[in-house]
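Shared chain: chain A. Partners: chain B in the first complex, chain C in the second.
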Partner chain A sequence: MQRSSWLGLAFLSPALIVVLLFFLMPVILTGIFAFTNMSTATGVKGGSYVLNASSLRALTDAGLPDVTRSQIESAGYRVDERGLAALAEAHGQAVAEEFSKNHAGEVFTKRRDVERALKDLSSNPIRKTRDRKAAADLFKRSILNQRYETLDAFEAALNEAGIPKPDRPLITEIAYTGWTWTTANFDLLLSLDSTWQYAKNTGIYVTFTLAFNVVFGLFLAITTFYLPAAQATAFRAIWFLPRILPPVLYIVMWRWFTWDTGFISTVLSGFGVSSKNWMLDTEYHAWVTVILINGFVGASMGMIVFSSAIRAIPASMLYASEVDGASRWQQVWYIILPQLRWPILFITSYQTMSLLTSFEYIYLSTDGGPGGSTEVWALAAFHTALNNYGGNLQYGLGATYALLLVVIGVLASLFYLRLFNFKNLLTKPRIEG
Partner chain B sequence: MKHNFRNWPVLLVLFIFSLPLLIMLTFLVVDTFTTKVPGTLVPNAFTLHHFRFLWTDLDDGRWGIYGVTLNTFIFAASTAAVVTAISVMAGYALSRLSFPARGFFLGSLIVLHAFPTVTLIIAIFLILQILGLYNTLIGVIIVKTALELPFGIWVMKGFYDTVPWEIEMAGVQDGASRFTVWWKLILPQVQPGLMAILIFSFLSGWSEFVLPMVLNPGTDAQVLSTYLATLLLDTNTNSDFNLISAVGLFYALPVVIIYLIFQNKLMNIYGGGTKG
Partner chain C sequence: MRISITNFTKTFGDTTVIKDMSLEIESGEMLALLGPSGCGKSTTLFSICGIHRMNAGRLRFGDKDVTKRPPQERNVGVVFQNYALYPHMDVHANIAFPLKVRKEPRAEIDRKVLEIAALVHIEELLQRKPSQLSGGQQQRVALARALVRKPDILLLDEPLANLDAKLRLEMRSEIRRIQQQTGITAVLVTHDQVEAMSMCDRIALMNKGDIVQVCKPKEMYDNPASDFVAGFLGNPPIAFLDGIANDGEIRLANSEVALRLPSNVIDLSNGTQLRLGIRPEFFQPENDMKVTGKVSFVETQGREDLFDVTLTNGAVLRSIQSRGGDIKLGDEVTWGISREHILAFGPGGERL
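Let's turn to the complex of A and B:
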């Protein structure tokens, strides 16, 4: 390779590393996470093996034989290091040593047998029956409520407890606390009614907001183009603000405007209308607000792009049309709009993508309410995986929701690549030739 | 072009449509400096009470505003610095240097540039958990940088594309290395682009809300956007709109000032670079 090849790769490498880690990896991982049942309960990193009362119930429901179940519950008494240490603490080193010499490693199935073995020790050191019972219990070994960090440890424990081999896979599966691979997310997604509701909401949201963005953006661009310079600048400045103000502040303003103590309520109370929350009162209120909030921002962007496109139209064309007696309306319709075909296409596709995937403004304003009527797909993914009142965040299911958006995003971006005149970008560097 | 049209109907329609925004902006400023009788809209006295967060802690013992502001500044400034540094290098490589698979990298850049990044937030959240960077400022900075990069590289490449090849040829002819040519001759040419990206990514970092909310929800390294959002969404305080507006005004002030100062440079981002 030439020297400049190395320079090129060196210049590119920081960007490559960051992009690989936080762009490519998330794309792939969204696909992977969608096939897991990861949640707050399972954790992210992996899990351990625990059998408790609720897993026993689950096992019974799954058809575990009662014999095996009782085996799990009482796995017997085992003379091991731990029990001996406890015995030494309770009744002295000598007792423990003698018991260890006689019975180390033995397994008793009944407590009575352990008690007898304790009684048989020379000089019968534990006199009271109650104490002997307690001492015997020190050796009780159940796999219930024990945490096993590895699969091997858990299987060894099952083996010791004498659990029949055919039942073990089921027990292992239910005892595992970490996440597992599954396709259940997709089945769940297809079976839930709310999925279709989210899809419908997204359709409403994108269609209406997009229409508002494009039409109103065009209106702003064309009217400010014809206005005298000072007036045009003033209106452009006002309409530029939604774009540059931080989203949270923008929503603060809208909340103030529509809240039950806010502007609309206060003004209307002067006309005898009782004050109410104009953002969340009914789903129609919520939809109108959500569409206007996003529409204003989108129109702001549309105005910027369309305005610069209109300014690029040769003035001579406009003068010529006026000389020919075209009205202002004809000028807009026959000269300006045809020239704006590409900017309109650009804004439409760009806004469709960003409306499909963004949830920031809805989250801050209605948060999907009232009653889930403005819950769009992207917001549902966010709520499922990252933010809900129940507190059990279902990363896997959320990733399944997000996966659809990621797939749409990848396809749209590839389409974007085709739309571009890629050959133009590929002009060869001239120095290396 | 003033003859086939009357201005005032258009002006009126525009004005009516702009009214909500005008009202919101006016009252945002008026409300924060005045008191009103509840249920009316006309202020009756001047007050600085709504700005009390500047000199006292809020009732619920929230973090002092200056710590949060400092966090926001660190977040925005480091994002801007790293994005600019990486874009300036990568943009040059893509625009001017020849290396294997250059076409592939260019194509990927366009794809990344168009990709809606919010969709990745769940996976990124899990990645940060695994890496142990969850709930840290540094984690959010890295992620924001990564997501901002394709845009930065794209703009930088555009600026480099407008620099005449002759400048570079002359440098190489005189015996300078490609690196020296870039550093001494080309960089000064694309300075407007560099400034534009610096400012643009600073503003974008300052305004960013979703990433800090999801990836850094704790109060240790809170930024202004999440601070304001908790005030807004917190049911105890969300009736005190004057306080919220005052915090909001404080938060947005740098954005407006920076925008007013650098208006022309920011517009350059759509235009292109040098006049040479």
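Let's turn to the complex of A and C:
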């Protein structure tokens, strides 16, 4: 490679780093996370090993023999050498010896029983209840509700508890609190009714918003084309406002507009209509609001692209159609619209992509409500992975939603590229003017 | 159909392009609007077809006042300089467009399109897209589209400007043939005097928004109304000599040379500022009113040779002669001016 090429790369490197960090890495990580069961409970680093009541239930469901199960459950408190030595150290050799004589080798299921046995020693050497409880704990040998930080420690504990070797792998697997590799996310996702609801919502959202964007953008572009230049510019500037407004402010205004004490309610209350939240009172209103919010922003983009495309049509061609006798409608229908074919296709495909993945305006306005009726796929992925009401963020499942969206997006891009016949678009026109 | 423009004024913002112009175009006539670029000839054309609104004045087609009518209601066919074909329609659809927007029956449209395609010789191109046509073919399609609905008037805006020299020659006679065959009233906008003279019945010569002279091409050439007209028409161009009238002669500026004036201006009072126009074909060796000068430029044009002869006072005369002479650059020659063909102009450029 020549020196200048290195220099070029060096100049590019900030962009490359940004692309890598903020675009490529998230996609790769999404792909990785989608095949794990990561959640708040598992954390994203490693985990530890804990057997508790619920993991015991899971073990039973997974086919752990009852013998082994009761062995784990009833492991309780065992009066063994280790415990006696500890007792001797805490309360004196005499106490330990007496306790050994009475109970050596015995197994108690409950701490209470151990305490009672300690209390029954002659002269009741451990007076305080708290001390007795601590002394009882010296004999605790159950692996239930114990946290083992490493696999070795857990296996040692299993070994000590005398759990049969064949059952150990299953117990280890269920006791592990960290994340594991799994494809269960996909099965779960496909089996959930809500998944299909999200898909349906996304379909409604994309279709209607897209139609609004394109049709309204076209309408604005064509009407402003026929206006005098100064008026057209002012008009376009006004329609462009939603796009340059900060999204949060824009949505706050929509919320004021639709609140039960907001603009619509206030105005309509004058006509005897009881006030209500016009955004969230019904599914239908929620959809209308969501589509209008997104549509007004998207339409301005269509308007700009279509306007410049119309102005790129040679004036003589429009003159020609006028002297040929075409009315304004016919001019729009036969001359302008056919020549906007590529811009319309471009806006359609571009907006499909961005609408599929966009959820910020929905998140800020309805947040998927009422009752999940405007919860689109991308918002569901966000909610599942990063903003769960219950508090358990399911990174793995959320990533699975996102990954499917990436796949759909790539397929749609390929379809549109095919439709565009991209090479054709790049060739120079043979007729000028 | 007769076109009559009276007191037409057109302004763009603060710029007045055309002021108080009047022009009559006879029915069935082909008239050229000729002039240098920026003289307002295209503006006039676009005002006739209604693309530009007239700021003042009246426009009548026959007896009908169309001043306020939009272009759709004027029934004019226009051929634009870049043809303005619709790129997304094939040739058939392009030609059929004026009929289609009038919602004529399909069979009728097909019949008329085929008829007009035969007239302009493009029958075999009907299925092509404009991008698949050569310049000359696009020109024919544009003509067909302008003519297909039998307009009252055909307007041509520099129709030959985008063609190469050979095609230009061919389309020149084609357009004239089609115009004569259909008998349509036509207005041709051009800056090319040859086009104007060869294609049109009459020429309206424009300069700076005014019509300087309107008449038949030959008459305009022989009898120009001003030095501007004389200088605009003719290739190679006319040469001018400035001087002062003195006893039926002209004393050329900064020189002792005196020439007799043509008989129609012989009785000018002494001291009048004069400008003589001498066309190259009237400055020949055999003519009797001799002038001596040095050959300062020689151009071989094939059949003819063109010479510039610089007189002692620096004025230049042009001569065009049949080939065969043995004259070289720098030779001193004494050639004659045909006295009765001298065009005399006054100090303001007006013809005397």
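General remarks:
Please note the rule applied: the second predicted complex is superposed on the first by the 334 of 433 C-alpha atoms of A that agree within 3 Å, B and C clash if a C-alpha of one lies under 4 Å from a C-alpha of the other, contacts with A are read in each partner's own complex, and residues count from 1 in each chain.
Following the convention adopted for this analysis, contacts are C-beta pairs under 8 Å (C-beta built on N, C-alpha and C of every residue); 3 or more make two chains touch, one makes a residue touch a chain.
Given the structure is predicted, the values throughout are model-derived calculations rather than measurements.
Applying the stated contact rule after C-alpha superposition, one finds that A:W196 touches neither chain B nor chain C. In the superposition on chain A, A:L405 makes contact with chain B only, while chain C stays out of contact range.
Judged by the touch definition given at the top, the superposed model places A:S316 against chain C, while chain B stays out of reach. Once the two structures are superposed, chain B and chain C can be ranked by residues of chain A touched, with B on top.
Shared-chain residue A:P338: touches chain C; no touch with chain B. In the overlay built on the shared chain, the residue A:A326 is in contact with chain B and with chain C. Put simply, chain A uses residues 319, 322, 326-327, 429-432 to touch chain B in one complex and chain C in the other.
Put simply, chain B touches chain A in their complex at residues 1, 3-5, 7, 10-11, 13-14, 17-18, 20-25, 27-28, 31, 38-41, 85-87, 89-90, 92-94, 96-100, 102-103, 105-108, 110-127, 129-130, 142-143, 145-147, 149-150, 153, 165, 168-169, 172, 178-179, 203, 206-207, 209-210, 214, 225, 228-229, 232-233, 238-239, 241, 244-245, 248-249, 251-252, 255-256, 259, 270.
Every residue of chain A that touches chain C in the complex is listed here, in rising order: 314, 316-317, 319-327, 330, 334-335, 338-339, 341, 429-433.
Of all residues in chain C, only 46, 49-51, 70-72, 74-78, 80-82, 84-89, 97-98, 100-102, 130-132, 138, 145, 149 touch chain A in the complex they form. Of all residues in chain A, only 1-9, 11-12, 14-15, 18-19, 21-23, 25-27, 29-30, 33, 38, 44-45, 216, 220, 223-224, 226-228, 231, 235, 238-239, 241-242, 244-249, 251-257, 259, 261-263, 266-267, 269, 292, 296, 304, 308, 318-319, 322, 326-328, 331, 353-354, 356-360, 364, 367, 378, 381-382, 385-387, 395, 398-399, 402, 405-406, 409-410, 412-414, 416-417, 420, 422, 425-426, 428-432 touch chain B in the complex they form.
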